[in-house]
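Next, two complexes with chain A in common: one pairs it with chain B, the other with chain C.
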Partner chain A sequence: MSIVLKGLSKTFGQFPAVKKVELEIPTGDFVALLGPSGSGKTTLLRLIAGLEGPNSGEILFNGEDFTAKSVKERKVGFVFQHYALFKHMTIFDNIAFGLKVRPRKHRPSKEAINSKVEELLKLVQLEGLGERYPSQLSGGQRQRVALARALAVEPEVLLLDEPFGALDAKVRQELRGWLRELHQKLNITTVFVTHDQEEAMEMADTVVVMNNGRIEQTGSPENVYENPVTPFVYSFLGRVNEFRGNSLENYTPYGVDKPFSDKEVGYIRPHEIGLSRTFVNNSYPAEVSHVNKVGAAVRIELRRLDTDDLFEAELSAEKYNIMGGLKRGDQLFAEFQNLVIFNGNTLRNSEFELPPSNLVLRPEEVRS
Partner chain B sequence: MKSELVSRQKKQSTASITKWVLIGSALSFLGIFILVPLIAVFTEALKKGVELYFLALTEPEALSAIKLTMITAAIAVPLNTLFGLIAAWAITKFEFKGKNMLITLIDIPFAVSPVIAGLVFVLLFGAQGVFGPLLAAYNIKIIFAVPGIVIATIFITFPFVVRELIPIMQEQGSEEELAALTLGASGWQMFRKVTLPNIKWGVLYGVILCNARAMGEFGAVSVVSGHIRGLTNTLPLHVEILYNEYNFTAAFACASLLAILALFTLFLKTIVEKAGG
Partner chain C sequence: MKINNKKHRVLPGFGLSMGYTIIYLSLIVLIPVTILFLKASTMSLADFWETITNERVIASFKVTFLTSFIAALVNAVFGALIAWVLVRYDFFGKKVVDALVDLPFALPTAVAGIALTSIYAPNGWFGQYFELLGVKIAFTQWGIIVALTFIGFPFVVRSVQPVLQDMDFQYEEAARTLGANSIQTFLKIIFPAILPALLTGFALAFARALGEYGSVVFISGNMPMKTEIVPLLIITKLEQFDYAGAAAIASVMLLCSFFLLFAINYWQWRSAKKHQAG
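And now, the complex of A and B:
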């Protein structure tokens, strides 16, 4: 089922939690609503499910206006952040609930319900645990029961609120892969909420970045990571160096016709900073202040010798070894070719005249 | 080293003295104010033999008082259970203006002296009351009649079930209910299959306390009853009449019934507390 949100807004008292949201989700898409806590993700998800009513705007399912339809009529599967399992029912009864409450003429037979529940228990890898109560399961198992319960009614949309938020890192990692596979198998339009950019990037086909009740950017994980359209998206998705105001002049290789104001901020990701031991065009001297070699990438903290700005660069282990290892106090030359400058929320780079690329010497051997 | 040990021993012995003093005073307080009177009720009741005891309980006026007490409770308790469920639901699941006001109002029967409560009903429904002429026109009698007793009892016992349910329902939130709705349950199915099982022990607890008070209420009922023997006397009122007539054995025999009710209530309450975890 496809979902379209048109100018959707929700206000709690005086507080606008969701502001004029426009979003199109095609059938079968796997969407992450990504944003910091309080950015309105849960509220947006609840609006889609019908658990909240919007103050204005429309919600279309398969092109049909569903804005005024009740929760029951929407037939969405909803997995709550804290699972909301029925404490007093066994796992079996939890999963069977949606089938048992159907009006008699649509209710499957007892045998049909039994086999459906068994099938779902198998799908979520909890065979044999049907007689237990929710309190007798681990967090990860409860999460899977919540999912099986939602899937039992065969929804055409699956909505999950921070599905792995309350789990420890290892279980979370397992469940991510598992949910991804499940989506490939069932191909239900799925929207999940997360505040963890890594989770969104790893799992989703489409990432919707939210901030302050607004959608900042929508796109594939690669797209939002490589081409953030606002400073917020830049800083929220992955590590980034920020340079502000007047000192920005020292970073652009293009020469600037007008000076930078305080509102202008330059962003560059650590892996986009070029490092070399010798001077190349448009590079600046910097001193290594710390080296962190955990994992496949090496993080290097540096201080620019001319401006005293601190920044972080990242090299692959391989490149790092080619450079012959680094230690505190080493002097290098850093290059900020990919710096992206925003004035407020507007991109300013286009105002610069870019030099012909063949004139720029890139220290290729050390770029990661 | 040694002196430290001694001082520690000293401290410990002071602590244990404090402990025993506290426990001792709590127990003697309980003994003097609860246990001794309880024993006194039963010894007085049985002083002139078991035969007289049962005679006092089975004479027509006593039986009619017992019957009226039961009828009153049988009306007040279910109604207050229903009101309690509705009010607790409204307060915990919805946001609305005047919610704090409503929570305060619920406590009024606890805050107001029962005698005042009774007087208010006399002022409303009595012959000289606000609705007096209207009721007289339709020949409906509320004050000095059974309806008045029932109304006063409902008023006095209203808070028990609500008060019990509000914290339980607040703590549980409404996520399970919302989950039921997303799974296609109707409002009634949601209530019966999700809400009620989660609050059933709280409801039962509230009902037990509500019942104990409904059967034992004296002040408010005394004002509206009119003390008509065999007609508008509840058990507590009957005890008072017998006592005022120096019929001590019969008075204590009837009082012992109320004491048994209290003990039974405590017993049930303990069981429900255990079962509800």
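And now, the complex of A and C:
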């Protein structure tokens, strides 16, 4: 089922939680609503489910106006952050609940319910645990029961609120891959809320970045990571260095020497910074303050000697070895040619004659 | 080497606190109750049996247990309803209504009995209209039920209220997303969650009603075989200096109450067990 949100707003008392949100989700898409706490992502999910009513705007399911429809009529599967399993019911009864409460005419026979529940238990890999109570299961198992329960009613949209928020890192990692697979198998339009950018990037087909009740950017994980359209998205996704004031005054890669106001902020990702031992065009002297060699990438913390800004650069282990190893106090030259400058919320680079990606050589290329 | 296997306890001194508990319970409950049984045992078995199987005594047992049970049942239903309203809705004067709930505890029961009698007597405010319908309330078992409902009223409200307050909306929302209507949500989700508290409240109201004397004597009319309750019968025996007889009736009353309350508590415990954190 496709979902379209048109100018959707929701206010709690005086507090606007969701502000004029426009969003289109095609059938079968796997969407992450990503944002910090208080960004309105959960409220947006609850609006789609019908657990909250919007103050204004429209919600279309398959092109049909569902704004005024009740939760029941929307036929959505909803998985709650803390599972909300019914404690006094067995796992079996929890999963069967949605089928058992159907009006007699539409209720499947007892045998049909049994086989459906067994099938779902198998799907979520909890066969044989039907007779247990929720309190006897681990967090990850409860999460899967919650999912099976939501799937039992054969929803056309699956909505998950911080599905792995309460689980430890290892279980979370397992469940991510598993949910991704499940989505491929069932191909139900799925929307999940998360504040964990890694989770959103890893699982979703489409990432919707939210902040302050608004959508900042929508796109594929690669797209939002590579081409953030607002400073918020830049700073929220992945590691990033921020430069202001003086550091920008000296930044004149295109030969345009415009004065920078204090509203202007430059962003660059650590892996986009080029490092070399010798001076190259437009590079700035910097001193190594810390080297972290864990994993495939080497993280180097540096201090610019001209402006005293601290920043982080990232090299592959291979490149790092070619450079011959670094230690605290080494002096290097750093290039910031991919620096993206925002004035408020607008991209400053676009004021220059050429977009930076066409002009700038990747720092790695410059260096080698 | 000495290995310390003791579990850490929040309050130290298990021996001291347990000893205190037992002494306290003995002084307040066990010793007076034992005296009661001792007094009853001064009778011969035949006398004892004759006293407690007396027609009038049996009738008063029936009246007491029946009216107490109905009153507790009424309180369970309406107490839960009031707790629901107090927790789930905001309205003007909610704090006042909340405070009113405790009033039956504060009022001397005799005052309550007199007030209820004057209202429900055949010429009272409400009584006159019931009279038109041919229903007598004061001086019948209905009157006893009204008085017992009044004095047991706060128990259910006060036991259910905190449970409802703590109940997460999530469960209701989950039920709704799964397609349950309001009645199904209440019966299958909310009711099982409040059932243990409801049973506790019911047991308390029931126990309170079994022992109630002050308010009932005014409204019941105290007609032997019809509206005479056990506590009244005990007082009557005492006034006739038949201490052993009074103790005999009281001890039977006590045993019956104990087993009933034990059964209710067991049921409460069983339904609460399912509701452990999950």
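Structural remarks
FYI, the second predicted complex is superposed on the first by the 347 of 368 C-alpha atoms of A that agree within 3 Å, B and C clash if a C-alpha of one lies under 4 Å from a C-alpha of the other, contacts with A are read in each partner's own complex, and residues count from 1 in each chain.
Going forward, a contact is a pair of C-beta atoms (placed from the backbone, for glycine too) under 8 Å apart; a residue touches a chain by one contact, two chains touch by 3 or more.
All values derive from a computational prediction rather than experimental measurement.
Overlaying the two complexes via chain A brings chain B and chain C into a clash. When the two structures are aligned on the shared chain, A:133 is found in touch with chain C, with no touch to chain B.
Contact with both chain B and chain C is seen for A:71 once the two complexes are overlaid on the shared chain.
In the superposition on chain A, contact of A:310 is made with neither chain B nor chain C. Of the two partner chains, chain B and chain C are each touched by A:98. Of the two partner chains placed around the shared chain by superposition, chain B and chain C are both touched by A:153.
Touching of chain A by both chain B and chain C, each in its own complex, is seen for residues 49, 51, 71-72, 75-78, 80, 82, 84-88, 97-98, 101-102, 149-150, 152-153. Listed in rising order, the residues of chain B touching chain A in the complex are 175-176, 178-186, 189, 193-194, 197-198.
Contact residues of chain A toward chain B in the complex are 49, 51, 71-72, 75-78, 80, 82, 84-88, 97-98, 101-102, 149-150, 152-153. Within the complex formed with chain A, the chain C residues making contact are 168, 170-171, 173-181, 184, 188-189, 192-193, 271, 274-278. Remark: chain A residues 49, 51, 71-72, 75-78, 80, 82, 84-88, 97-98, 101-102, 133-135, 142, 149-150, 152-153 touch chain C in the complex.
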